[in-house]
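Chains: A, B, C and D, in written order; residue numbering restarts at 1 for each.
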Amino acid sequence: MQAASSIGTSLDFYLFVSFALFTIGAIGAMTRKNMIVLLMCIELMLNAVNLMLVTFSTYYGNGDAQIFVFFTMVVAAAEATVGLSIIIMAYRNLKSIDIDMYNQLKN
Amino acid sequence: MALILLPLVFSLVAWFIPSNITRIFGLIASAATLVLSSVAVCYFEPSEHLLIDFGLRFVRFSIDSLGFTMILLTNAVIFLVFLSNFKRSITNEKRFTALAFLMQFGLLGVFTTNTILGFYIFWELTLLPIFLILYWFGSFDKPRALLQFFLYTLLGSLAMLLSVIGLMHATNQQTYEALLAADLSSLGNTSIFLMGGFLLAFAVKIPLFPFHTWQAETYTKAPTAGTMLLSAIMLKMALFGLLKWVLPIFDGIATDFWRWPIITLGIIGVVYGAVVAIRQQDLKTLFAYASLSHLGLIAAALMLNNFDTNQIAVVQIVNHSIVSIGLFLAAGIIEQRLGTRELGQLGGIAKVAPRFAFWFAVLTFVSLSVPFTAGFIGEFFLIKALFSANALTGFLASTTLVLGAVYMLKAYQAPMFGPTINATFEDLHWSEIAVFAILSIAAIYLGLAPQCLTDFVAHSLTQPTH
Amino acid sequence: MDSIVILFISGLLGLFVGMQKKPLFSIFIASLGLIGAGVAAYFKGSYVSPFASYAQFIPTQGLVIILLCAVTLLAMLGGYKRYKSDDEHTGDYFALILFSVCGAIIMAQPNDLMLFFIGLEILSIPIYVLVGIEKGSSRSAEAAVKYFFTGSFASAILLFGIALLYGATGSFQIIEIQSNLAIGIWQSPMAIIGSLFLLAGFTFKIGAVPFHFWGPDVYDGASNSVLMYMSTVVKIAGIYAIINVFGQVFRDSYAFWIDLICIIIVLSMFYGYITAWKQTSFRRLIAYSSIANAGLMLFALADIHNSNIFLFVTAYAVATIALVVVNFAVNDDTDSLANWEGIAWRNPVIGVALVLALFSLAGIPPFAGFFGKFSLLWSAAPHVPYTAILALIASVIGAFVYLRLMISALKKPKVTMPIHLSFEQVLVLVLTSLTTIGALYFI
Amino acid sequence: MAKDLTLLLIIALPLLGFAINGLFGKKLPKTIVGGIATAVVFVAFLLATTLFSGLHGTQIVKLFNIIDFDQLQINASFQIDALSIWMTLIITGIGSLIHLFSMGYMSHDEGYHKFFTYLNLFIFSMLLLVLGSNYFVLFFGWEGVGMCSYLLISFHYNDAQKGLANSLAGRKAFIMNRIGDVGLLLALFMILGQFHTLEFMTIGKAVQGDVALQGGAMFFITFCLFIAATGKSAQIPLFTWLPDAMAGPTPVSALIHAATMVTAGIYLTVRSNFLFELAPFTKDIILYVGLATTLVAAFMALRQNDIKKVLAYSTVSQLGLMFVALGFGAYTVALFHVTTHAFFKALLFLGSGSVIHGMHEEQDIRKMGGLAKLMPLTHLTFLIGTMAIAGIPFLSGFFSKDEIMAQALHHNPAVYAILVLAVTMTAIYMFRLYFLTFHGAFRGGDSLKSKVHESGLSMTLPLMVLAVLSVFGGLLNLPGLFFKNAAHWFDHYLSHGTFGLSEVHNAHLDFNTSIGLMLFASIIAVGVMIWAYLNYAKKGSLAKEDAALNGWERLSAQKLYVDEIYNTVFVKPLLTLSEFVGKVVDVQLLRNGVYAIADGILNTANLTRKWQTGFLSSYLFWMVFGLIIFVAYYLLKLSVWH
């Protein structure tokens, strides 16, 4: 597993950005109440992963990960579709997109 | 083969027969199994094994003379349970009949299987019918007591499962003969743990002293037939397992390690059960503690793992079955006719029901192990064995003679003698007399000629190496 | 591959057929698809009897597919009554289920993490939708929201793990990852963090502590018919994925990882069974029970070379389906355990199926659950004896839960009105009971 | 007839009677039931006499194996020797007389056939006890007689007033006996451990002359045997059951609690003489326990008002006397007293039975008086019995008691002095009993007086036979100073026909001392008789009411409060312990402990379910939290991995 590309020393930088994005997404998902924002945070996490994949792909010099990125994007899109429709349905029922309102099921 | 499978067939058939002949069916079918097994015993050469192989991987059967003894005992107990409850509504229930036969099947499996996993499977199989019998026909007001029994047992048997797995891994064997031949001493401490798992299961079932708390409560709330099944035969599985499987297989450092702890618990049980029984007011509870006392003695003596003692232990096992059927039947009769088992509310039954008084007295004396009964031989030699191992244990065990007299006579005299409180008491039905008579004859026969039984089982007991 | 194609085509077909609003026809197509997929799997794989001796319960590719298809078929039949009531969408539901099974099949047998991830999403996304099928119900909506967000959050974590692992090893191929890890890379922090993230994603799918939170809420909010599917198929696929992925990933660092597995097992079992005790709603009870069972399933990782999981998941799946079908029949609206009192008396099929299922779940021989547990512990106990002991103690608590349910069901009922079961429910109950007893074959 | 067959017949006959009466007794007429029961015992007696006459050495009859193990063989086998045959003669002889008596005594009882069934069973067990050739068969019989004793004591359990008391008395007897049985059991175990057999002869030959055995083991064995003997033979500390056992029908008291069963302890000691000879310390214990018993019991008898209770304490006292003899190693002397005591005590009990029968179940001597005229035959025989036990010269009791006194004087004058006191008290309470019952005015009221009647022939015939025996029983073992040739016949008979006894030699006093002894004893006995006559018959003193009793009298009447003491020291604590263990330890601690553990585990559910808050954010947080913990843990672990 030799570093086969020119990305070289800046690998850490890319990784850091990716980590940072992922963490921001995760913290956002944990703290924000708005479901749309939640969805966005999760998309952010996915994209952080995408960034990382691309980084590593470059680092290793093979294209697998880049293909994976496409898959991830598709999946993210599908998730967003389903997610938004679920949010809409939920909104119809509870008239709110505040995640803390969804608290009937517990214990 | 039919010997083992017949009860299963009966159990299935029982669901589909018309309910008005259920009780006749139960009686005849159980008699049939008894007759069949008796005939089989007649044709059986005690020094041989009867191998039955269905081509299964984990379960094979091999009946030796000890197995045959237990088969006979099981079938007899089931028959007597049906006979003694002939007049009760419980035998009219398809469910009971089916479950009793299922139970019989499980028990026969335990007593005849040749593989260690088979032993475990059948051991657990018996839990299902007894659980349902207790639940359906017992008077458990809260599920807690019932669950206590079940889960206590389950905890023990899961420990046994681990040991079974461990044993099979350690020896790479599963049949009885192969396990016997396997050298466990090389396992060192592991074998102690493995045996501990088995012993935990047995200690719960026998039950030994600190693990007995389920017993009194379960016996009291179970239907009479259920108590009989539990006490007369189901608990014997543990003693059988100790005698046939655990002691011979773990003969060596594991047995040496566990011997005195278990004997101590057994002896504590002997004294403790007797002491507690003295002050009990409920007849069934009293008998439950008596049972604790008696079985503690057998368990303790078995742990000596002495060839002669083991033979006598079989006699005592049979004797205890006789006693417990008889006593619990008596308690059941009183409860059925008078609706109470509280000693304080009973009295003078002997006057109105002389036949009952007579047979109850006989069984009381059998349980007091007076001469001419199997218990006399059994107790004498078991205590003797304990005494020669350690004088103190022998002495403590022999206190059962005195304390046993105290509580058994109380249990007999309080309801039967004294001023008549219960003026009407329907005397025994023929089926009940038959049960008492069979039990008494068996007890006296074994008391006079225990040798026939000990010689018979001696063939399948292994001579310990020490 | 054949199986996936067949399932996909029948799913598509189902979508079109669904427009006819003939539920019977839809389920016929769907069943045909599942059976066809199973048959194809049977003939495709080089079928080696897995039971040559008790030490060899190695799942073959075909067997898992057959199992997944069969369980799905049972779940579909069991929930048919619900699906057909909404005849406008019956076809859609079946199509969703079939697509989801495709995902499960892909996910269960991955040789590539990319493929695995795709399978996972194909499995999950239809279920997000299915959980929300009660469009008018706020509970259903809440369940869908929770499932969706936790699920996609877990997907992101998992994906992150995949990326890190890729970063550490340079490949998505599991074999390659394994061989690369073997040369010492497993000790790099990146590989460790990646593995942990990956494991978190997986344990989320099977619902083991501490990634179990979605379980109770989602099971509670989803309808019985969907519960049948998602409490079984997802777990089967998930545990097989875990075995296949981590069986490789952890292979050379087994001693390093095993304590984590043990912690998860013990936490899941105790947490699941204990919490189940105080539940008043059946579906929540099943949820907690499934958390505990997820813990048990993880024993498969204790012995990486022989993961004898097949029997256990089968037993678990059929027993759970039987219970949920019963609950579906008696208790669709309120989902209260109080309604269970005496139901065994009100219909003999329910009575028998229930007793068998509960004893099987409690692990009492000679039912399937026992053999499942036995085969699991058979391989695992020598490696992790203390965990096995703890697991058995937890099992006793579990038996408490199941037996209390049984005691309640066997109680003399106040209402004696018989419960009506539809044909396909009877069929499912009979099949599950037969399977539960059929485990005797393995004696 | 071959000896072994005869022997088996002797044992089998009572069993046969038991079986017939037990199975068919209900349907047979009473005469036949009683007849069969009496006949089998009587025939057994006749057979025993043939054995007696043809006695020659020791013979073992083996019936079958009870247990046959490698290291242990126990046979059902029997032994014919002087001792066992002598006991058999007593048992069957007196037994048949008492059976005969019972036919009359029990004639109105509804449990007639049951009574004879039990009696026959008792005879059978007793024969096993004395005829067995090993300790196991002895133990068999030992437990068997205990059981029969229980059955017969609580025979009238249905009695409206006394039913419960009767059954309690039976229970007390059984339990006390069982305590003794434990002693026997332990002794048997120790014997087995020491000798690996239970056969008397084998053990006897093994120990004979082996002084090396003297010491610890022998002490424990004999001590345990002695505990057994105290149980069965009602010695301190286990004597309290015997007075209570008077709750049984009077023939039972005569047969079991005077003539036969209670002497089993003495039989056991005599049978094991070779063991006791090796344990001098045990013999001392026996001596002092016997001495204490005879004194205490005699004292208690002084102020009893129940006719049977007086006799009961008298029995305890006499048994104590026998143990004194045993303590001196004078086995034949003890057995001689067993024999004469069997005669006169059976006579006295049957006499009292006749009185009670005639008085319609009244047992209180305060309600009697003047019965001499109403029941002349009973009176006469009772008088003979009284004189015999009190030691009036030339009656049987005189000789047998004198032998014991002689031994005491020879060995230890202090013991002799105490025995004189006891013997004097014996004479006092016996004559008090006699005069209060048969002389003076009738105190039972007129209605009862008119109903009092002499008993029928079946009851008086045994009385007469026993009276004759009581008078002439002494001839069996005359002291050497009267007839040189006939003297000490019994001594010779026993010591030559019983294993071990030939080794033991009784002390013989010189001529003058013997004469002096006898004279002194005669003076005491006759003196007391005259005093009693003057006091009770002439002066008309009556038994005081309870309230009027002064210090020592109250002690005597209240039996030294032994029952109360036992109650406080043993019974109550046991019951309290049982109550405590049952309620507190078992239920509260163990059972509820199990529940508490279970509940504790299950109730954590209340805690754990709170974790499931219902908020999505918290779920996500915990997921991340768990993940971070794992990561942290593994990074730490990695750093210490190597």
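Methods note: a residue touches a chain if its C-beta (ideal position, glycine included) is under 8 Å from a C-beta of that chain, and two chains touch if they have at least 3 such contacts.
Note that the structure is a prediction, hence the values are computed from the model and not measured.
Visitor: Under the touch criterion given at the top, what is the topological distance in steps from chain C to chain D?
Guide: Shortest path length, in steps: 1.
Visitor: So using the touch definition from the top, which pair is joined by more C-beta contacts, B-D or B-C?
Guide: B-D
Visitor: Approximately how many whole Å separate the CA-defined centres of chain B and chain D?
Guide: Roughly 36 Å, centre to centre.
Visitor: Using mean CA coordinates as chain centres, what's the chain B-chain C distance in Å?
Guide: Centre separation, chain B to chain C: 42 Å.
Visitor: Counting in whole Å, what is the centre-to-centre distance of chain A and chain B, each centre being its mean C-alpha position?
Guide: 65
Visitor: Nearest whole angstrom, what separates the Cα centre of chain A from the Cα centre of chain C?
Guide: 26
Visitor: Can you list every residue of chain D that touches 2 or more other chains, as numbers and ranges?
Guide: Those would be 598, 609, 612, 614, 616, 620.
Visitor: Going through chain C residue by residue, note those that touch at least 2 other chains and give them in order.
Guide: Each of 145-146, 149, 153, 157, 216-217, 400 in chain C touches at least two other chains.
Visitor: Going by the touch rule set out above, which residues of chain A reach two or more other chains?
Guide: Residues 26, 29, 38, 99, 102-107.
Visitor: Dump the list of chain pairs that touch, please.
Guide: Contacting pairs: A-C, A-D, B-C, B-D, C-D.
Visitor: How about chain A: which of its residues touch chain D in the complex?
Guide: Touch list, chain A to chain D: 26, 29-31, 33, 38, 99-100, 102-107.
Visitor: So in the complex, the part of chain B that touches chain C is made up of which residues?
Guide: 56-59, 117-118, 120-122, 124-125, 127-128, 131-132, 135-136, 143, 146-147, 150-151, 154-155, 158-159, 161-162, 165-166, 168-169
Visitor: What residues of chain C sit close enough to touch chain B in their complex?
Guide: 53-54, 355, 359, 362-366, 370, 374, 377-378, 381-382, 385, 388-389, 392-393, 395-396, 399-400, 403-404, 407, 410, 442-443
Visitor: Mind listing the chain C positions that touch chain D in their complex?
Guide: 145-146, 149-150, 153-154, 157, 187, 189, 192-193, 196-197, 199-200, 204, 209-211, 213-214, 216-217, 256, 260, 271, 274-279, 397, 400
Visitor: Which positions of chain D touch chain A when the two form their complex?
Guide: Touch residues, chain D against chain A: 609-610, 612-617, 620-621, 624.
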